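Order of writing sets the labels: A, B, C, D and E. Residues in every chain begin at 1.
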Amino acid sequence: MYEIIEGFVEAIRLIVTLDPDVMAIAARSVIISLTATVLATLFAVPLGAAIYFGTFRGRKGLINLIQTLYALPTVVVGLLIFLLISRVGPFGSLRLLFTPTAMVIAQTVLILPIMTGLTISALSGVDPVLRDTLRSLGATRLQFLVNIMKEARFAILAAVAIGFGRAISEVGAAILVGGNIMASSFASSTRVLTTAISLETSMGNISESIALGIVLLIIALGVNLAITTVQHR
Amino acid sequence: MIEFEDVSKRFDDKAVLAGVTGRVEQGEIFAVIGPSGAGKSTLLRLVDLLDTPTGGAIRIDGTDIHADKGQSLSIRRMMGMVFQKPAVFNTTVAENIAVGLRFRAADERAIREKVEDALEIVGLAGYGERRARTLSGGEMQRVALARAMVIEPEVLLMDEPTANLDPVSVEKIEDLVIRINRDLGTTIVFSTHDMYQGQRLAHRIGVLMDGAFAQVGTPREVFTLPASRNVARFVGIENVVDGVVVAAEDGMSAVDIGSARIRTRSPFSRGERVSLCIRSEDIRIAPAIRGRRVFDGNILPGTVTSVVPRGPFSRVTVDCGFPLSSVLSWKAVEDLDLREGSQVTASFTAASVHVVRAGED
Amino acid sequence: TTSDPTPAEKQQLRIATTTSLYDTKLLERLTPIFEEEYNAEVLIVSAGTGKAIEYGQRGDVDVLMVHDRVREDAFLADGYGVNRRVFAYNYFVIVGPESDPAGIKGMQPEAAFTAIREKGMAGTPGVVFVSRGDNSGTHSKEKAIWKGAGFNYSADVQGSGDWYQEAGTGMGATLEMANEKQAYTLSDIGTYLAYKGDLDLVTLVDEGDILLNIYCAMQINPAKYPDINSTVAKDWVNFMISDDVQKEIASFGVDQYGRPLFYAAQDDWEKIGVPQAEVKDPIA
Amino acid sequence: MYEIIEGFVEAIRLIVTLDPDVMAIAARSVIISLTATVLATLFAVPLGAAIYFGTFRGRKGLINLIQTLYALPTVVVGLLIFLLISRVGPFGSLRLLFTPTAMVIAQTVLILPIMTGLTISALSGVDPVLRDTLRSLGATRLQFLVNIMKEARFAILAAVAIGFGRAISEVGAAILVGGNIMASSFASSTRVLTTAISLETSMGNISESIALGIVLLIIALGVNLAITTVQHR
Amino acid sequence: MIEFEDVSKRFDDKAVLAGVTGRVEQGEIFAVIGPSGAGKSTLLRLVDLLDTPTGGAIRIDGTDIHADKGQSLSIRRMMGMVFQKPAVFNTTVAENIAVGLRFRAADERAIREKVEDALEIVGLAGYGERRARTLSGGEMQRVALARAMVIEPEVLLMDEPTANLDPVSVEKIEDLVIRINRDLGTTIVFSTHDMYQGQRLAHRIGVLMDGAFAQVGTPREVFTLPASRNVARFVGIENVVDGVVVAAEDGMSAVDIGSARIRTRSPFSRGERVSLCIRSEDIRIAPAIRGRRVFDGNILPGTVTSVVPRGPFSRVTVDCGFPLSSVLSWKAVEDLDLREGSQVTASFTAASVHVVRAGED
């Protein structure tokens, strides 16, 4: 138990001393996960809207598939991306393996299903009369979507929060395609908070792990406060 | 302008509309009245392209509006709609009203002016910055109205636009509707359950019953010459009596209603089963008289069974073998000293009896 | 034989290493020296032996550092790797509870395993063996010991009873588990020392040739993956067997554990039974 | 890439031959994750309701905290539980470490925040007039909650689907408190699909990993179909 | 039974209710009328414990209902409420109606019977198994009504219960309300924007204006003797004219309204500023007469400015220096040949002028 307290103390120390290694790792975490969240939002929201408002055959099956993909293990996502970008894979020539870009891709793929699913839920929460009102006011397809999104902004931003939470907390894909590299340059390194936590744990440094976990949660808190602020506007 | 050709609409296995046929002219105010659940909202939604008919066609200026999906937007942009249970966007009142203008890329200044004007007109001046979600029922309905009006549509569809409003607000809105129609030439189709509103506003009224228009006509036609027993009942003719024509000559006929014979003007011939519709305001009540008098009409002795206040009037029901309702001013009721049990005579002219074929519907 | 002394751009060297080596932080000590000397950037990916080899096979790294002679040989034979050089060795240890219910203290490894199995099968209370069970180098070694003791691993050991449990995780977690269950396990010395503070387990067997643990570095075959970074890879392998680094290895860990974690391979090629070329000769 | 195809073939083989090892692992996955999901639902739904309908001080902060915990890394959850139940921890005497029970606890803790947050979202989707209607009809607190839940069942079951997805797909906590043990008896083993996938991956057996991932998704599909069926009733 | 004592309610910085004081008796039907946004819904919500007053107290049988949270449930269970914008649970119609009974643990059989009866009564027999979400506006309102009625509350609160209904359905519901009140002794408080509904149903009416009851009284009092200019306007007295008392004697007075002098009965003395309320049905229209005639009342020459149909009547507006509206039957309009520009005289007795102090509100 004392490791938890020690972890807190250590977390405070890391933060107040602005430990350069930890700062770099934390910054990398935020950059990668935020980028992935933004990308996933850009895909998931239109995709969710297309599915929700669509009337194509197999729509129900597609929704079920998306729900099923909530259970996609991060390791499997990591593996699939790995196979695609490893040197002998179809995109091997891009040399993406063990780069932050690869991590962004993997996290984007990972959170896409849940964000799409939550977008669908968010949209179905909008009063149907408002949908009819928008149509009757002569909204183009885009105007319609933008306004429905505005109306569903609370739930959609909640989805963003969930997506970000999942992205920044996952480790399986990050370690497989990133490799948890601590290089001398910031850009070549792929160590993020979760992979660092894993490493510390595997080395038996429990308080360090907990300290890093606390740092991660503080970052998440900041991002969430930002999201909440937008939500309530 | 808007033509309904044998329009039908089913939900699952329930036929809501079945053969609606009719026409709304350019610049006309057209009221759709009918009982709850008749399909008024459904019909308006079909016009606004919010739903697709199961059969038949709706044409605007000759084009089948449901035929070409590619045209939907431009057709919809001709129209504005106010929904029966209006909903507001979770933003300010002003933003709610501006939505349609924004869709049309109006400039910011024009939007602000139009929204201000609209708020003024619907009696919500100063409400612009309020959160729309906290409005009262009537306030919301007025916002919805303003929202549809600011886009100055060619066709304005309104589904029970004043259902939640008090008479003073109703009057304002009605004046506004008339002004819009007159000044901008807007074609207006609205549904209402307030027949008098239909009459006050509409050039013509369509009575929707059992999935189709039971009657389409001017307010006067619908209210004085209802096409069937059901329409008569619905437009508030309180006295509808069934009988058989026993004599017919020169357009005059006598109808046996069991307890009495009624003189009427009607084109029906002997033996036909008919319903007699007599407006309560056409029935005169007088003190019971002894002996008989010559009278070119119908004069029936009876007993008052109830006196009920109705607005500035009272409704007096007399049992003349069958119940007959009449409307009198409170003063008349006092002068005649009418009360339950009073012996009176009820009289009405042959001309005030409107005869329709029985069981037509 | 070294790279251009004034390259316009830093070369990147990608190394896949086994977790147990990485976790000792030996490489962390060495890479800055190398980067400085060769103007390169070293990217190290640590993974289970199997995964590290997989990275090598796919050409995703330039250098492979592992400790599993059998699989290394196969890897070389299949043409994926070239120029293996041995840079360090140490010994595996059999650890277990102080009470030592199977009574193996001081035994030869093969005999100790036999005793554990016997007592375990007999249901002697407290006799449990936790295996890495993850096909890692350590696991390979464990299997080799079972074989050396005369058992058919998959038939006689694996799944033969509740006494034998496969952890299927890294060394650290396996030690934790053994500690929790007060069980026996086989560990590399580095991880054991790193964890020792948190553990009640003690070293019971640490002698016997079969416990030998040999670390090597090799280049991924540039003939298989022509655009691989073969120059810096060569530099790295040579760097590992250079005199300075060998000295560094021989003293690494003394300040922290009071004893070195590794022995330098340079002069002990006979003792550990590898060809001299593999410890002495720089790659041409 | 051929590993993916190989993975599919292998998955089919594992399923049609009812490979006993894989069946046991899959069964354990389902049992543990379903139990965790049920437990988390039992906590999260009343908790979410209490927060949503509550008017206490710090309510907003609490909601923010919950949203932040979406980002709780599975490894950190695993570590915390590990510290609590390890032999020297406060609950060490229960000897829970490296048992399926420990995994259930960890997964329950892991998905509690997201399920609570989604419950709050689900409740806020219910028409306020319906809430007033229930009150005006004289609902007791319990009747009120039950009926609001019924009304929000679609969104709440979506939350259950997400919780289950997260539980069955996580590996960090499972491996830390479970240990990925393959013992000869079913009950002492703690190897589940995700930990098995990790193991296969660390051994470089990519097709096996993918095959197990497919098995996992098939299970998730089954659970989701069940949830969808209830949702649409 | 229900006592309002200086009840006030603010939302943020907007005072919606400010000093509502009044009393609803046991077994009474009490109507709350008032303009849109006056706070009718807010008041009913306060009674149903759905919101808490900012000030004052609401007492039922002497107990302050907001005082003891522990009692909320038992107080609420005495009451049933129908909301202005009713919402239905996403299940069948029958289940919707059964909810309140289930809360009271009624047995399955009783529930089934009561629900069937209620459906029958509100005119939705056979709708039991329909998904409630697909109902029309009026159908939903009737379901909400049935839902509140089946629990047979002691107090029934209804917020504009017939706003979405057609006259035929309205009549059915009104009959039902009267029956419930009479047969079960249920106290009924309802809000309405339909003043005539207030009059038809209510024993007493409270007119909510500017945050308080501007008047509470029987329908007759409210409609014929409105307490203020605003109430007069609101209850539909079309002619409200401001003036000054210039002579007063024996309860008779002469009021100068600028363009004319009006003879009235009033208790006000010389110099007081008053408003005159004259119901349009009390104004008689006759052809213009040459010369003057002696008349115990007011007789004003003028010009017809508009003739507008209103239900079975027409509204004739005459400019007599100030506009004066009268209501005539269509027949009378035809007989007198009234049209825009006709020269007529408008007359009304001194007794038909109701005088209130000006600017009272």
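Following the convention adopted for this analysis, contacts are C-beta pairs under 8 Å (C-beta built on N, C-alpha and C of every residue); 3 or more make two chains touch, one makes a residue touch a chain.
Just so it is clear, the model here is predicted, and its values are computed rather than measured.
Using direct touches as single steps, what is the fewest number of steps from chain C over to chain E?
2
From the C-alpha centre of chain A to that of chain C, how far is it in Å?
So the centre of chain A lies 35 Å away from the centre of chain C.
Starting from the mean Cα coordinates of chain B and chain D, work out the distance between those two points in Å.
Taking the average C-alpha coordinate of chain B and of chain D, the gap between them is 58 Å.
How far is the middle of chain A from the middle of chain D, if each middle is the mean of its Cα atoms, in Å?
18
By residue number and range, which residues of chain A touch two or more other chains?
201
When you check chain B against every other chain, which residues touch at least two of them?
Counting only residues that touch two or more other chains, chain B contributes 85.
Mind pulling the residue numbers of chain C that touch at least two other chains?
47, 173, 176
Show me, using the given definition of touch, all chain pairs that touch one another.
Here the touching chain pairs work out to A-B, A-C, A-D, B-E, C-D, D-E.
Show me the residue ranges of chain D that touch chain E in the complex, using the header's touch definition.
Residues of chain D touching chain E: 127, 129-130, 132-140, 143, 147, 150-151.
Going by the contact rule at the top, pick out the chain A residues touching chain C in the complex.
86-88, 97-98, 179-185, 188, 199, 201-204
Within the complex, which stretch of chain E touches chain B?
Against chain B, the touching part of chain E is residues 11, 33-37, 41, 84-85, 134, 136-139, 142, 160, 163-170, 193-196, 199-200, 219-220, 223, 233-234, 236, 279, 281, 308-313, 327, 329.
Report the residues of chain C in contact with chain A in the complex, numbered from low to high.
The contact residues of chain C facing chain A are 12, 14, 19, 23, 28, 31-32, 35, 41-47, 58-60, 170, 172-173, 175-176, 194-195, 198, 225.
Along chain E, where are the residues that touch chain D in the complex?
Against chain D, chain E makes touches at 45, 48-50, 73, 76-77, 79-81, 83, 85-87, 89-91, 99-100, 102-104, 144, 147-148, 151, 157.
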